[in-house]
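Each structure below appears as structure tokens.
Below, chain A partners chain B and then partners chain C, in two separate complexes.
On to the complex of A and B.
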């Protein structure tokens, strides 16, 4: 009998799923982004035959530069974006150091992470406006019987904008840091460094931070890109005249004069350059620190005042969280207010009637929001599960380029490719409307669902699929009957995050819906400029309530399904 | 009958994990492979069950009931594995765990599950949460679950090593009795000499 010599290689099916998933992601996410950037480039070069622009050249840029306030808008964008990122990073780091071994921060963070940016910004406006809750609280002390004449909102330096963005971005970074901490041998390092008598803040800066940084670098770049180019929050809290660059461009895109699309596209490239420049700055900073940091530490240097600064930052972080929760509360209060005159801390009369009246305004948008959110979250979840399952079957770790591909939609400013994508979709004969908007949302939902699901997926006890395989179960049965049920909690959490991300989208709805698709977010942003606070309160409350309820459902459902399964509840 | 002929396993370009292995286990018998940890006992089981990671090379023959297993997928081989830990599925009830592996074509699944439970001295515990079972009960459920999948052979990967002494001989006797009853060959890897003494099948000491 001959000797059977064979090499063990994974069967062909093991790679087939990976190929299908990659093809789908390239086709549905990368291709539209590239097509969008391409169309933007063409329009910026003066080429847009659809509106009769066939004069290739630098005319669009000349027109852009001629817009009054452009330089200031660009500078304000740069300043607010960079300041938000640095502030969020500092607050998140300080809170991470103080709270990393406690369980409650995650529970407090959940509603803040779930609430859409626009709702939070509107609530923050109700809080810090001259006639807001803070001024009302201070009124008896300051002796105000009328709202004070202080420009706390839409200030020209973008301070309110920085505050509003940081309130939302620092909890996100904090969450990413807490998740990343689980991947490094934290307690071992802390113990050995404490034994050397080093101060806590110094240990974190010189020992933990360098290990943590590669794990949170992409999230930080996401925050940077987002803060530099955000539109909805900047419309609500940002400077008015000139506004930030992204707001200026959004208005330009909406100009009735279609020829204004050309300078708008040129401006989109400027916005893209701004994001790339700032990202390069971060990478340069990283390089410099890597180069000189170890030497500096080895010489026994310490940052003076670091401990105190860390403590102050952690207190600021806590205050920021409290302020954010108060912003959500004030939304709810305004939504049921009937009469509330200035120095009163609470309304004089309450009423539900604005909920009824808002039903007429917000009923349609609510349905649209729900449909778009549920479908885009479901699509993104299916893609994420397929991607992770394909990784399991290939039995190879994720390549860096794949990680970058997942993050790409979040690293580019939306305004750089969304209008171009709209043009490309029109050119390809795709109908504008809810379907296109849903697709646009899914492009941005997918990365967040992937971020939320990847770590729990990899943390699944590898013995479970092995045991199932030993019982004769094939890969699909293992996926459906073992992996997904055991991962129910993270799968539902990722779905809830997907819904929250979709509900919060503004620009994709505006551009891909061609102004004809209204969601709670577009409605809330429109109302935020000078409408009745009570109606704005109702719509923004609704907008915040939707994702928060989804989160609640994601927490409650496993508790009901697994009420008789002890191992599925404890600490999972 | 499970037969290993001149079996060797190598990782990538490294030298073989152990000297060529010959072993013949008749139906109902428990064959023993002993050896120090790290010698490749678990890798041997992976090779037989078809769970070997990529980059491993298998040399020699593995035969089950006279046919070669080389190149077959784990599902096609139908070889059960009992691990060191019971690894019960935490989201399923005890009964659902037991019926997980029962082949689709079989009709009276409930009866089979009830029968297995009463054989294990656990009658009426079908709806229990596996997390509430005792260690011995978990071990018995894991074995019964493996046998209900109707395997053509059973691999036992140190399944008694984490049990305390009194429970160990209990579960060992239970396991060996059920292997004999099922009439399939079983291969037990262990470093407990008592396991070897209790088994009536062939014994091999694995070494480099």
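On to the complex of A and C.
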């Protein structure tokens, strides 16, 4: 018997690529995180010889506990984080029930998802401040000649912060839900349950939600971890005296008294504990529902008022989206304003002069943002494609630990390891500046690109690569000539998401960039604590426009590339 | 006119600098500096200052081949931490910070941690226009001797800004704020004392109310702090409930407070730059009716400096920039209300006649007489202590 002329199917398992990809991910993502956490641990234990701290012990924690307002800051963080997550989940679920069979929500969601948190927060601040756009609109009716002295912004209970975070997080969860719905036999279940005459909201709660939950659990934990430890949005919208824990720590890391780095590191561990605690709470809740839920349903129980509550929540979700779009609009209005005093509803004098100077004001940061975003998104995309291709060749489903590894950078609070990572990188003699920042961004871009790409990749019609193999194509040729072209739409979408995630990064740029690397986000956050809303408006508009345009490009490109391939244009 | 002035100044400068013994060294510095890019870490919250720094970079590029890249900070302490983490990592050369706009506690922290370069002020040719005697304002930073480790560039005076239409009769001294706020609840505030300007508001009150103001010039002690600040806290407790948001929330810094004044949320803002009201009006950032006022007994003043870290990659370039900032022509440009409007740090007695004579003026721009006497800053340790005590009392 001679050798076959060609192999009809690829080897059943080929682990070589899997090993290479895993090694790269461990080296480039896990190692820096561990190194960062290790440095933080050492500093929290009082060990930082460079500033003369060689007194190992609990001193740093004692100092942390002595900081005025720490207890309140911690509680406010916990409250805003948990409230944001629950509210986002409720709104997303309600909107999912109402909109799952319609196409337009995705188009409305795109700009909201693309716009960076900081830009949205700045716009929301312009909207809801006591002298903001809403109050200006209400002023003639309420008879205000000066703004009311009420705390609609930076309120001690973090309500403005919860609003701002939810505006951004609930569309993310909604998108995750809409994507997860495709993986379950939704219409079949809906049909049979409706035939039993069950009310719609009840069907979703008892039949769909239990199937959906495992698919959106990690995204929910990501939202939780993010909301508990966010810095830029909390600086703009959050409480001030004391601020949230993460903001307090960021300021502590920047204290002129360098010994404050020790309690800051101890606080980072507290922040980490907070995130773990809240995550454990979610898992505990899941356990309790798993244990008692089926029994509760079997008894024929219903949640009274659920239908009404869901309808109201969906309306709130819609209002939230409108508010978000208004926040982006008010950024644009401020950017072309000259003077706009209270209580004028629109600016008294307009001016293009700040846009005319945009190159001078923000040209450098714009270029840096673009370079960092494109490179980190490209790196993350290459890694994600390699990972998914390796899974194909390995011919085994993803292990839970691998899933956790992918999500790890999003499940840990950034402040727990970024400052430590900076010290570790300096110690290892790595070059500072744009390169380190790009790497730092890629750590956080990779998980999102994986989230965006995994499902479409798995949904690829298996007959296509099989047919190509039957025609004699090797695995690389199949990847290049079959899989990637067919997956062009999701690949472009994932790239756009990668760019948007990179553009939005604040803490990695601040801590890893040695301050030399200014992006639109760091610039916008800095300007938001300045006195010129018009310039802030220009920079924040640019910051929001960049990812929105990228999304637009991701939607437009397939239509151009596949202008003569009708079946390819629809995407997945 | 402008060109004539410039020419005179340059000629005078050239003549004077011939006598400087360090001239040869300075030539060496200029040679080293050529082609360098100086990373100037400076608070970036004020667009006019940012524009001025850009102008400085254009000038030094043109004249000395030294370009300036501003690293915009939201808090100066960020730069201090950066130098520290470089020291922590053993990076003793080629550091990322070349020049820092600094003063007060940040300077003290860097000096104490050994993060500053060797003294360089006397090497700068333009230092001849400064009063260099040991306790002259340009040589002392919050009562701490600078030892020439930082070079002055702009003068700061604490002033209040009020909307003369909405609030025509502002308080005449710090004491008077209690009654004013009681009559106009919710219409005044101050930045969070963890911010420099917020702390300065408290210091201004402390300087006015301390039983023995001289005690503030020495490092703080528990005993002195208790005695000297007792009247301050009594006053503050009376004032706080009538402040904006009942004194529960404070603007992060003076820029945000200025924005609140512009938005009519409050009637009084504060600044460390007497020209800022006039400048802000011209920029469309304050109503035309904004005016400056100063407490009757005078107000705190200090000088902003630039310092060079021990590991600066471009120390020569940084010196060239520091020297350019002291050039009488640069100082006159800086004092121009349409540019920055900051008062000059140079000693008028050492300047050529009429060097600052034809600068423009504006209705909201106070004269030096309007500003009254300059009160000295307390020792830097008082500010730290004051901020901590405020946080302990009012952060719940």
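Side notes on the structure shown:
We adopt the following convention: the second predicted complex is superposed on the first by the 553 of 572 C-alpha atoms of A that agree within 3 Å, B and C clash if a C-alpha of one lies under 4 Å from a C-alpha of the other, contacts with A are read in each partner's own complex, and residues count from 1 in each chain.
Note that in this section a residue touches a chain if its C-beta (ideal position, glycine included) is under 8 Å from a C-beta of that chain, and two chains touch if they have at least 3 such contacts.
Keep in mind that this is a model prediction, so the values were computed, not measured.
If you count the residues of chain A touched by chain B and by chain C, you find the higher number for C. By the touch criterion stated above, A:402 is placed in contact with neither chain B nor chain C.
By the touch criterion defined above, A:473 reaches chain B but does not reach chain C.
Judged by the touch definition given at the top, the superposed model places A:427 against chain C, while chain B stays out of reach. Once the two complexes are laid over each other on the shared chain, residue contacts for A:78 go to neither chain B nor chain C. In the superposition on chain A, contact of A:464 is made with chain B only, not with chain C.
Of the two partner chains placed by superposition, only chain C is touched by A:525; chain B is not.
By the touch criterion defined above, A:241 lies against chain C but remains apart from chain B after alignment on the C-alpha atoms of chain A. Touch criterion met: A:565 reaches chain B, while chain C stays clear of it. Chain B makes touch with chain A in their complex at residues 5-6, 49, 51-61, 68, 70-71, 73-75, 78-81, 83, 85, 87, 89-91, 93, 100-101, 103, 129-132, 145-146, 149, 151.
Those residues of chain C that touch chain A in the complex are listed here as 39, 41, 44-47, 54, 69, 71-82, 84-91, 96-97, 105-106, 108-109, 113, 166, 185-186, 192, 194, 244-245, 248-250, 252-253, 255-256, 258-260, 262-265, 280, 283-285, 287, 384, 391-392, 394-396. Residues 1, 3-11, 395, 461, 463-464, 466-474, 481-482, 485-486, 488, 562, 564-568 of chain A are the ones that touch chain B when the two sit in their complex. Of all the residues in chain A, the ones that touch chain C in their complex are 48-51, 68-69, 72, 129-131, 146-147, 149, 151, 154-156, 239-242, 251, 253-258, 261, 338-339, 341-342, 349, 351, 360, 422-423, 426-427, 432-433, 514-516, 518, 523, 525-527, 529-535.
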